[in-house]
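The same chain A turns up in both complexes below, where it pairs with chain B and then with chain C.
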Partner chain A sequence: MWRYFGRKLLIYGLTFFVAVTINWMIPRFMPGDPVQSMLSRANIAQPEAVEAMRAHYTNLFGFDLPLWKQYANFWAALLQGDLGISIWVFPTPVTDVIVRAVPYTLGLLVPAILLSWVAGNRFGAFAARRKWLDNTALPVGYVLTATPYMWLAILLAWGLGIVAGVLPVAGAYSFAMEPSWSWEFLGSLVEHWLLPFASLFLVAFGGWAIGMRNMIIYELEADYVHYLQSLGASRRLVRRYAFRNAILPQITGLALQLGVLVAGALVTEIVFSYPGLGHLILKAIQNQDFFLLQGTFLFIVIGVLIANFVIDVAYVVVDPRTRIGMGEAA
Partner chain B sequence: MSLTVTDLRVHYRTLRGEVKALDGVSFTVADGEIMGLAGESGSGKSTLGKSLIRLDGRMRHVGGTVELDGVELPVGDSAAMDRFRFSEVSVIPQYSMSALNPTRKIGKMVAELLASRGERLDPAELERRLELVGLSRDVLGRYPIELSGGMKQRVVMVVSTLLNPSLLIADEVTSALDVSSQKAVARTLLGLRDTGLVTSMIVVTHDISLVYQIADTIMVMYAGRLAEKAPADVIVTEPRHPYTRLLISSLPEVGVRQADKRLSGIPGSPPSLLDPPEGCRFRDRCPLAFDRCAEQPPFTEVAPGHSVACWKAA
Partner chain C sequence: MTAEPPESVAESVAESAAVTAAGSAAVVTVRAPRREALYFALRNGKLVAGLVVVLVFLLAALLVPLTIDYGPNDYVGPAASAPSGEYWFGTTTFGQDVFAQFAYGLRATFLVGLLGGGLAAVIGMAVGFTAGYRGGLVDEILNMITNIVLVLPALVVLLIVNAYLGVRSVGVQALFIGLTSWPWAARAIRAQTFSLRSRDFVDLARLSGVRTPKIIVREIAPNMSSYLFMTFILLFGGSILIAASLDFIGLGPTQGVSLGLMLNNAARWSALHLGMWWWFIPPGAGITAIVGALYVMNVGLDEVFNPKLREM
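Here is the complex of A and B:
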């Protein structure tokens, strides 16, 4: 067992290293010069002052060093928990910017992923046993799961926000408010959270429901189910066993879908101007903010890897066959 | 009379129409009798075995009755049948290797199965039964994947007979096993009857030479109908139905050099049951066929305990 997790951790470590390296490279491939854009923002006329500032910034961000040295310094700083200084909101440290945005993204993602998975599986298992529901809900499920996240988000924003006017379409809370621990503010938070959450939830829900429905139908034809039925086992027991076996591929599916869900959340945040990581990525790209972009990607990579690891562990807990496989390998 | 089946008809629903897999079958199995049910694939023997306990989704009970210990079994009504399953009629399925839920420990599965039937598990009795088939109590704490094929088969045998059913259907239980395991399984089946855990038994098989070792009687089916039923040694030594005769003569004999005598098969193949021909269904392949075979021969007793469906046998 420990060997299994040791091997897993090694793979995760390697993935982390490669992903972070790519994250470091991507901003540097972008066209444009971050220092130049800062200077133009500063709007200074004197050429000497401009030159002095350019020299200062270039030195501050380390752009005067050779690339390999920048890369090495990046890792050295990273291992000390330093992600650099944001160019977009200079001179705030990137860590602070991200820490402020992370709760919003997590607040969207975690409920959307977990609730859609749980509800989709329950609903799929339920629909599999009722023909009329299967015939009506299944096509809806296919449409939902085939919908791109941001497209559904735009549709919801337009339908419920603009046309019906019942829900706000931008921000995490009313622009007229300051964050505080009042009921009014919390209400505003929830109101602004509903639409982005719904667009993430619905698309994922459709996918899980269809997957579960197919798995349950397959499991109900499995030999062990026929045997239980031949011995007159209650329908409840048969359903429980089928569900437990059908859930295994859905857990694997969750691990595979995680990245897609995160990407979907990022785009959805942009649609709703939701101040999470997705919003930061957009701003970072617009402002040539290498460090913020790097830092945001780093957080996403860490988040996905941790979630995958949790799923790995969960799978071992629910499927005895993986445990036995490990026993033989060790 | 333990089991009385009267004119049982079970059809399969297919896109091309009704396949008459079981077309009017009547027979009895006495208390304490082990009946071998033989026939080639497609003869309806497995359909008959399933009909007595659980019709699958495509099977439809068209007519006829099944009576066990004086009570009529509602074979066509799966929900009503639940009451009789396991406790009165039980089955050792063809797929014993995959009959156990892979994600449950065996002991837990058995307990949950019994609880769902409103029965209480007696751990001492369960362990005793496991010992009878040569398994230790440790298997209860294991997952099915941790057992060998033969062990799984034995676990299924123990589980299926836990409520001492009046009738046990063993469906091709030896087909997937090597010969030494076959022998062990055959002995276990005999033991179940001899210790009274199971009153009577139907052993569905295509292997006459194996079922001959344990069965009291053998019933041969052909194309959805009964061909012949007789005590096991009579079926093997003096079969009356031409199909049974050809079937027996197709079996190799130990010690006979096959170079001298070529094994004769039965030429031709069974008729389609989608639209079976009138009269005797073996007519086209039968060396003895004559005009009267256009009329269906009745399944009649030609000697005590020996029934045959053939005009030439009477």
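Here is the complex of A and C:
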């Protein structure tokens, strides 16, 4: 078991290293000059001012140092939690901007992932090999999982928010309010959370339901199922065994899908102007705020790595084989 | 969300497909299983329905732009008019023809799917075959690389890369999508190869001195061809969805039009609040229909190649 965790942690450590390196490399080795594009965005007429700005930005990126030194400095700054200064909300440090946005993204993402996973698995297991449910639920599931997150979000915002007018479509709370611990504010928070949550939940739900339905069908063909059936076990009991076996690949699937789910949350936030990381990314891109964009990237990578590790732990808890070191799986 | 098959399912699919293929090829002539597959393919509702939808959209993408004598971004009609006989899908706030944008956008969608999915499939196969067949240290290293790319959230990496690209095109977008979305395919193909490499016919080939690349191409790949094809379809659909997200965030191709860019424009110019539903419904519906049809097609193919699933 410790070998299993050791390997996992090694991979996550390497992944973090690669992510930081990508982050460092891209501004330096991509075609195009980030300093130039920031200068042209600032749109200044006097040549002296342009030169001063160029010197400032070159110094900020450290472009005038030798490459290895730039790389070392990058790590040193990173380990001190310094990700640079945001240009969009100058002069707030990028770390502060991101830390303010993270709770909104987590508040949206964590419930959506967990609830869709649980509900999707239950529903998929229930629908498998039940002719009429299989025939109606399956096509719906495929349509849902093929839907781009932002499109479902747009449809929900348009249908429920604008045409029906029952739910708000922008922001995390009413524009007329200040954040506080009052019931009124919490109510507004929940009201604004419902639609983005629903669109994330629905798309993910479709995927889990289909995955589980397919797994159960395979499991019901397995030897142990035939054996149980020949012993005269009840349908309920057989299904319960099949479910416990089918849930394992679904846990692995959860780890595989994390990236897609995070991407879904980002575009959903953009649709609803929800002030999480997706909103930051949009603003960073619109304002050519590369520090903010890269800081957000690192935060997301760290979040995904932590989530992966949590899933690994869950896998060991659920599957006894990994505990005695038999399983190489996952 | 891309419907990646849980690995163990995928394994058992290709394994049983491989077993039946190998078994029947030994007994009957080589052509019989192929004809059998076609027989079941034409009678499989899911496969036929999915294929028809994809082909209809593909034909629309190829032919419709030929019948339109103005560009997708030209200002041709009255501003913000609802669908009518003249402009089937209405016009945008600027008087662009939504139908023309849709038809041209379909082209970009298929292109990204084909190039991005194709590149991912090629990398996935190269890594999967090599790691699975060679084993040992090569396998360890390739596995490590695969796991690292697998854990990195693809879209976020693509965001960074594309943000720094000054000029973006569909081709470059597809290139980077292909470079980031291969790992799960490589893992699945590696597992398949692993189970095939100790079969008798592979041993026989090795004993007769056939070189490794040839063994992979001639002995191993054909025995999991159905599985490889299904992997490609999933990668194709996945590329389309990732490209749509990128376009929507505002990192789409700097010139031209795509379905994701249409959604981006519709959202940016508040089509939602102006009630211009004809601007944002067609592009999303197009993506959903194509990707959904691909997934349904894949289920159909699964049933055709895997006899166990047929008696449903």
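We take it that the second predicted complex is superposed on the first by the 270 of 330 C-alpha atoms of A that agree within 3 Å, B and C clash if a C-alpha of one lies under 4 Å from a C-alpha of the other, contacts with A are read in each partner's own complex, and residues count from 1 in each chain.
Here is the rule we use: contacts are C-beta pairs under 8 Å (C-beta built on N, C-alpha and C of every residue); 3 or more make two chains touch, one makes a residue touch a chain.
No experiment lies behind these values; they were computed from the predicted model shown.
Trainee: In the superposed model built on chain A, check whether chain B and chain C fit or clash.
Mentor: On the shared chain A, the partners fit.
Trainee: For the three-chain arrangement built by superposition, which of chain B and chain C touches the greater number of chain A residues?
Mentor: Between chain B and chain C, C touches the greater number of residues in chain A.
Trainee: Considering only touches as defined above, state whether A:Gln229 meets chain B (first), chain C (second), both or neither.
Mentor: In the superposed model, A:Gln229 contacts chain B only, not chain C.
Trainee: After lining up the shared chain so the two structures overlap, which partner does A:Ser199 touch, if you call chain B first and chain C second: first, second, both or neither?
Mentor: The answer is neither, since A:Ser199 touches no partner chain.
Trainee: At the Cα centre of chain A, what angle separates the centres of chain B and chain C, to the nearest 10 degrees?
Mentor: Nearest-10 rounding gives 60 degrees.
Trainee: Could you look at A:Leu237 and tell me whether it touches chain B, chain C, both or neither (first, second, both, neither)?
Mentor: Only chain B; A:Leu237 stays clear of chain C.
Trainee: Is A:Val318 in contact with chain B, with chain C, with both, or with neither (first, second, both, neither)?
Mentor: first
Trainee: Once the two structures sit on chain A together, report how near the CA atoms of chain B get to those of chain C, whole Å.
Mentor: Comparing every C-alpha of chain B with every C-alpha of chain C, the smallest gap is 9 Å.
Trainee: Using the touch definition from the top, list the residues of chain A that touch chain C in their complex.
Mentor: 11-12, 14-15, 18-19, 22-23, 26-27, 30-32, 34, 37, 139, 142-143, 145-152, 154-155, 157-158, 162-163, 169, 203-204, 206-207, 210-211, 214-215, 217-218, 221, 249-250, 252-253, 256-264, 266-267, 270-271, 281-282, 284-286, 290, 293-294, 296-297, 300-301, 304-305, 308
Trainee: Give the list of chain C residues in touch with chain A in this complex.
Mentor: It is residues 1-9, 12, 144, 147-148, 150-157, 159-161, 163-166, 184, 237, 241-242, 244-245, 248-251, 260, 263, 266-267, 272-273, 275, 277, 280-281, 283-285, 287-289, 291-292, 294-296, 299, 308-309 of chain C that touch chain A.
Trainee: Would you tell me which residues of chain B are touching chain A in their complex?
Mentor: It is residues 53-54, 56, 78, 81-87, 90-91, 93, 95, 98-105, 112-113, 116-117, 143, 145-146, 156, 159-160 of chain B that touch chain A.
Trainee: What does chain A use to touch chain B in their complex?
Mentor: 222-224, 226-234, 236-237, 241, 244-245, 248, 318-321, 324
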